[in-house]
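Next come two complexes, and both contain chain A; in the first it sits with chain B, in the second with chain C.
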Partner chain A sequence: MSHDEVKQQPPINHAPSSNFAKEVEQEFYGDGIMKCIQCGMCTASCMVASMTERYRPRMLIQKILLGKREEVLSSELPWLCMTCRLCEERCQEDVNLSEIFHAVREIAAREGYIPQVFRNTINKVLEDGWLLNDAYTDFVEDDRSDLGLDPKLSWNNDFVKKIKKRYFEGVTKK
Partner chain B sequence: MKEFVLYTGCTTPVRLPAYEAAVTVVLEKLGVRLIPMKDVNCCGAQYIESLSHTAFAAMSGRILAIAESMDRDILAICGACSGSLKAVKHDLDSNKVLRAEVNELLADEGLKYTGTVEVKHLLQIFNEDIGYDAIKAAIVKPYHGVRLAAHYGCHVTRPPEIVHVDDPENPVIIDTIIEAAGATPVDYVGKTRCCGGPMLAMDEEVANKIGLDKIKNIRDEKADGIVTACVFCDIQLTQVQFGDMAGDEPKIPVLTLPQFLGPAMGINFDSLGIQLNKIDPQAILQEM
Partner chain C sequence: MTTERQHKSKVGGGTTEIMSNEALIVGGGVAGMQAAIDIANQGFKVTLLEKSSSIGGVMAQIDKTFPTLDCSACILTPRLSEVSRHPNIDLLTYSEIKSVTGETGDFRVRVHRHSRYVDESKCSGCGDCIPVCPVEVPNRFDGNLGFRKAIYTPFPQATPNVVTVDKKGEPACRATCPAEVNAQGFVTMMRHGKFDEALEIVRRSTPFPGVLGRVCISFCEAECERGMLDESISIRNLHRFLADYERAHEVAPVEANIDKKERIAVVGAGPGGISCAYQLARMGYPVTVFEKREKAGGMLRYSIPEYRLPREILDEEIQRVVDMGVKIKTGTTVKSLHDLLEKGFKAVFVATGAWESNRLGIAGEEVDGVVHAIKFLEDVNNGEKVTVGDRVVVVGGGDAAIDSARVARRLGAKEVTLVYRRSHVEIPAIPSEVEDAKAEGVKFMLLTNPVEILSSKGHITGIRCVRMRLGEPDHSGRRRPVPIPNSEFTMAVDEMIIAVGQSTDPRGLQTELECTEWGTVKADPVTLATNVPGIFVGGDVFTGPNTVVKAVGHGKHAATSIDRYIRGLDLMEGRAKDRHRVQSYEVDKSNIPVEARASMPKQGLESRKRDFSEVELGFNEARAAAEAERCLGCAVCCECERCVDACTRDAIDHHMPDEVVDLHVGAIVLATGYKLFDVAKYPQYGYGKIPNVITAMEFERLINAAGPTHGHLIRLTDGKIPNSIGFVQCVGARDVQKGVPFCSRVCCMYGIKNAVMAKEHHPDADVTVYYADIRAFGKGFEEFYEMARTRFGVNFVRGRVAEVMEGKKKNKLIVRVEDTETGDLHDVAHDLVIISPGIQPPEGLEDLAVELNMDLSEEGYVQVHDAVLTPVDTDVPGVFVAGCADGPKDIPDSVSAGSAAAMRATIILSKVDREE
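Coming up: the complex of A and B.
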């Protein structure tokens, strides 16, 4: 192949397809994303990745860096991180992956992409003030009494109503 | 006697009340009194935390502010809660805008976050407030010849610059306490890996595979039991052993740290809730 022929090839565009990474960078603790060097230590450490082919933290970071905004926001990927932080412990560049994925979840949630299981649980918490109101049966009450613990659990649900009104109006509706 | 307010979190009082009882009685005997917190709310971990950082800060911030009004530091016995409260404390202490917003919400109730209380996980109370010498001195019925695997819990030790509990790559607090009580701590592959609990919401099968992988690694070392320091981990490492994928190997008993320590301190099984454990730990407890 002559030098001239190479020159005639169309240039490969390495620019991200959107400014998604910059957008993530603006969120709480999203700024670590630009430090990623794509070494893959995170995927090598990840227990979720070791058990399912659906999730690779390095590839998720790469998708964000490449600007694949809609693909990432509408997928389950940001929600498959357990936030166990084993990858962060090992990352040589101090990339805070679980916080970055939280930032992506916040953006996704604002656009209506929330997995149903998260939606259901959040609606419960914002109603009852805590997670397990429905699971608190007479049997558990008896166990608590037998253990010498107060069987009356006094959870506050006024404050979460304020939280719901201020931060979640319209967001968690089905 | 030192005093802390106890933030139980949502899960312990319902799913593992024996942990709450055991913590209270064991710490009391070691000179730490716990005062229950009333009228609190969920810390917001995982769920609210994923949707709005500000709402998450408000929910954990309210718990911190209630502890301030009680003028005591907080003991959190759940990995997720201790992680949330510490992370939010860090944020509120370093971000004035966030603190102002949270305080605006709290003002209606006469609460205010000023940053005066500390948040400690149970492991810190043992390590920093009680100390290994005092624990050793309290052992009246030491274990003999029991091999135990410590499971620390991800949010208990990570991120280290926020939580300040132990060395996240080589944690030793539970192991040291196992040894102090006369038992033998055993290392195993993947000791600092997750139990899989946080994955249950999105994919139960993957969550259980992760939990069972840990059980297998612990079984490979011929451990007699597992000692935990987080309610979620304790429940997860127990329930995976009952699932369809568990196989028919003998189940490995799982004990919370105070349930392990209490019997060696001469505390009776009933007040530690031993009878409520889903996998009978008698094989461990009779070796004293």
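Coming up: the complex of A and C.
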């Protein structure tokens, strides 16, 4: 069955509406998704699922298998996996869920689907050199010098500058 | 110990010498039985080999079959009796294949037949022996839910209908005891409060339960398997308790039972001599013991202080031996051993001991105030008035040294110092004695050696010592002490007691026999025979200074030798120690709580100071029973031999050896069955940790009328009826990560059957089956599934269970599962959770495959030649497969395969016939 044919047909009998699952399978460590038999072991094992009703790993896999590409990539669900891998430990079919979700996030990021909260975090790091700049006080300096560390944290900014130069500006130059 | 026996295997028709028209079926389950019956009914001889003690296999354990809900035992039992009565079927149970050679039509099979310690031809299966057995172990047939005895039949219809003794070999305690006291036996009896019978077991080996219970060095405790877990059983104190208990209660008078004529002389009335006389008197020999001192007892009386061994205990136990008909002539010195033989004694046992104290060999040893331990202790024990100085030093680290130090303390010495040249690790005295000595104020100066005795006007004033360090181990395995240069120092002392070992009298009686350079007698270590026929030797005069229990053991072994010598039998035959000693890994120590050993109540330190009354006070009844309860029962059967007494047909023989049987067969059918997946490998389901999580096989036994609850479906923790039951499917099957990717084929159906049976037992209970798929293929299966859902009201939830947890209320179990049909995550409360494990290849199949030069499939099952055309042929010609040996099957399929394999096998067997 070619995927173009599937695309043209209306989604009946739960036939995949796109070749999204195949696309995920092609990603690094994204293979294994086709082994899922939807037994629900992952959802019942999941720490995040036990905290919120929004997140159900089995259903997310199901959506990928059903080819709901836009819905999956635009949602924040693939970003909620904690990568604790308890589901992988227990999955009897050896489906590597957290790797699959990582692969999905790779695709999403490439296409610009990054949840705002993740963007904010990255921007903060690029801006301040570290995540908790607001929490910086001279107590930290004292603690650091007690521990024999350099109390000045300005090297962070140098470091970030280097990273920006090498990866961001460097990429754009090419 | 094994003996070989040529099996009554007739070679095909008697004409060819190579080919055989007999068949061997490996595995006595339902498939193997079917194959055996089908081959036998065609007129061929069949040997049915089974690893366990009864044929019947797993089907005998199952309560009901699916999908018809027939009683499993009702179907199976007629088959069992058909097999056992068939003239062409020879049953070999409790047996395993050791080797297979040859090819189709001509297999030579060597079978190891484990001893069941019961003569199958004599035993009628009456079961009289079972209630008297004191040993209880988990009943494997009942999924380890209930208990069975060490002598048992696995189930009422067991075939052959004979009992089996579950015995792993000789436990460590008994194997290490020089007198072979059956420690596991008497401890087991004590668990049941049968102290008289326990004492009788001790007395089989030694006349000194009270004496050895106080002074024995207890080799047994050092090797006790319980010591691998926490602390060893206090075996010595337990058998002391037995003697104390008898003293406190009425003692049955001893009757002399001397019925033999051959007179025997024993020289030396120490522990060895008395032990030998005792054992000979038990056999009925008239014995005369010659003792040169005033009283009998030897070192026990003249060396061991009274606070360790009260003299009335010793007197009573010696009197008991006298009451048995032994004559003890005290104050009589034997002039010559040969004279005794000439005077008409048929045999002589020499146990004159080692009474000479070794000398230190340093300057000044002859001055006043220096005594040797044996002389010192002998004087004290003789009741002579002995005075000691204020500052006493004792040299040595053995029991005599510790005894001397503690005696000196009791005689009023202000300061007693024990000087020993090695460290506290190497000190050879009994550890508890060392501790008592420390508690009583004896100072220990270790790694020190005296080099010179200082004296003034012929009396000791002090000693010069040198500090030592430990070097390389010497021939005794202990590290050799080496003097540290320039470390000499001087101590002021008034008295010195030297306890650096003893040796035999160099001019003693034993010099009539061939001796070593040390003055000990040369003799055979097992039979104790000397170079003079009829004279046997034992105790310290044979080994050099040694322990009481060794001497008692020598007495016992010499008695056996003397009996054989008089009856003209071979002294050595069957006496080599070749019984299997139970190894540490064979004893299951999991799930046993760690407990300290019982401590011995002792007299207060103040009252001990100037007193020779006994320090250790002995256990009371409750403490003794509780301590006995800690025994792990390493060998399972404790050889108390109560079953031997109970058996009216004389069928039980605890010394029955294993056998090797050689078979010659033309075809082999493998029907080795399967084992269930070990569900403890899924820690998230809590099996083995949460008590109300059980396996399907345990559930089968729980609902079976012959099971541990007589068919009442209850929770084993509280005996309550479970109102809500959950079944967890697909555990140990279809799990790629656990190495079992295949479907086990039967779990869905037996799971549904068990759910239905749960509803049958408790119609009001909620019964839920958690599954990934229901595989109800085959005739009547889908209908059965429908019936379970609609008529019986079993809930089916599609979703694999992630976890089973203990609820906040301890008696509830929480099952976490996603109902994949709704997407809801549930925590369901159940009273009982049953895990349905998958099927795996049986243990031992790999070894068998190696013997048959056969490949197994990746999963470990037997590989069939062609799954479609020859589904019961293996890759080895003449070897066929039936039942679950080549993959999971249900009962009807297994039986079909049995018949098919029988047909394929008889094709080969009938060709052999035709060649006649």
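To be clear about the criterion, the second predicted complex is superposed on the first by the 119 of 174 C-alpha atoms of A that agree within 3 Å, B and C clash if a C-alpha of one lies under 4 Å from a C-alpha of the other, contacts with A are read in each partner's own complex, and residues count from 1 in each chain.
In the analysis below, a contact is a pair of C-beta atoms (placed from the backbone, for glycine too) under 8 Å apart; a residue touches a chain by one contact, two chains touch by 3 or more.
It should be emphasised that the depicted structure is a prediction, and the values quoted were computed from it without experimental measurement.
In the superposed pair of complexes, A:130 makes contact with chain B only, with no contact to chain C. In the superposition on chain A, A:150 contacts chain B only, with no contact to chain C. Which of chain B and chain C touches more residues of chain A: that partner is B.
When the two structures are aligned on the shared chain, A:52 is found in touch with chain B, with no touch to chain C. Contact with chain C, but none with chain B, is seen for A:39 once the two complexes are overlaid on the shared chain. Looking at the shared chain after the overlay, A:92 reaches chain C, while chain B stays out of its contact range.
Within chain A, the residues touched by chain B in the first complex and by chain C in the second are 50, 89. Residues of chain B touching chain A in their complex: 10-11, 13-15, 17-18, 20-21, 24, 36, 38-42, 44, 46-55, 58-59, 62, 105, 108-109, 154-155, 158-160, 168-169, 192-194, 196, 198-199, 201-203, 206, 209-210, 213, 271, 273, 276.
Residues of chain A that touch chain C in their complex: 35, 37-41, 43-45, 49-50, 53, 56, 58-59, 89-94.
By the touch rule above, chain A contacts chain B in their complex via residues 27-29, 47-48, 50-52, 76, 79-80, 82-86, 88-89, 96, 102, 105-106, 109, 114-115, 117-118, 121-122, 125-126, 129-132, 135-136, 140, 143-144, 147-150, 153-157, 159-160, 162-163, 166-168, 171-172. Note for the complex: chain C touches chain A at residues 684, 730, 734-738, 772-773, 798-803, 816-820, 823, 825.
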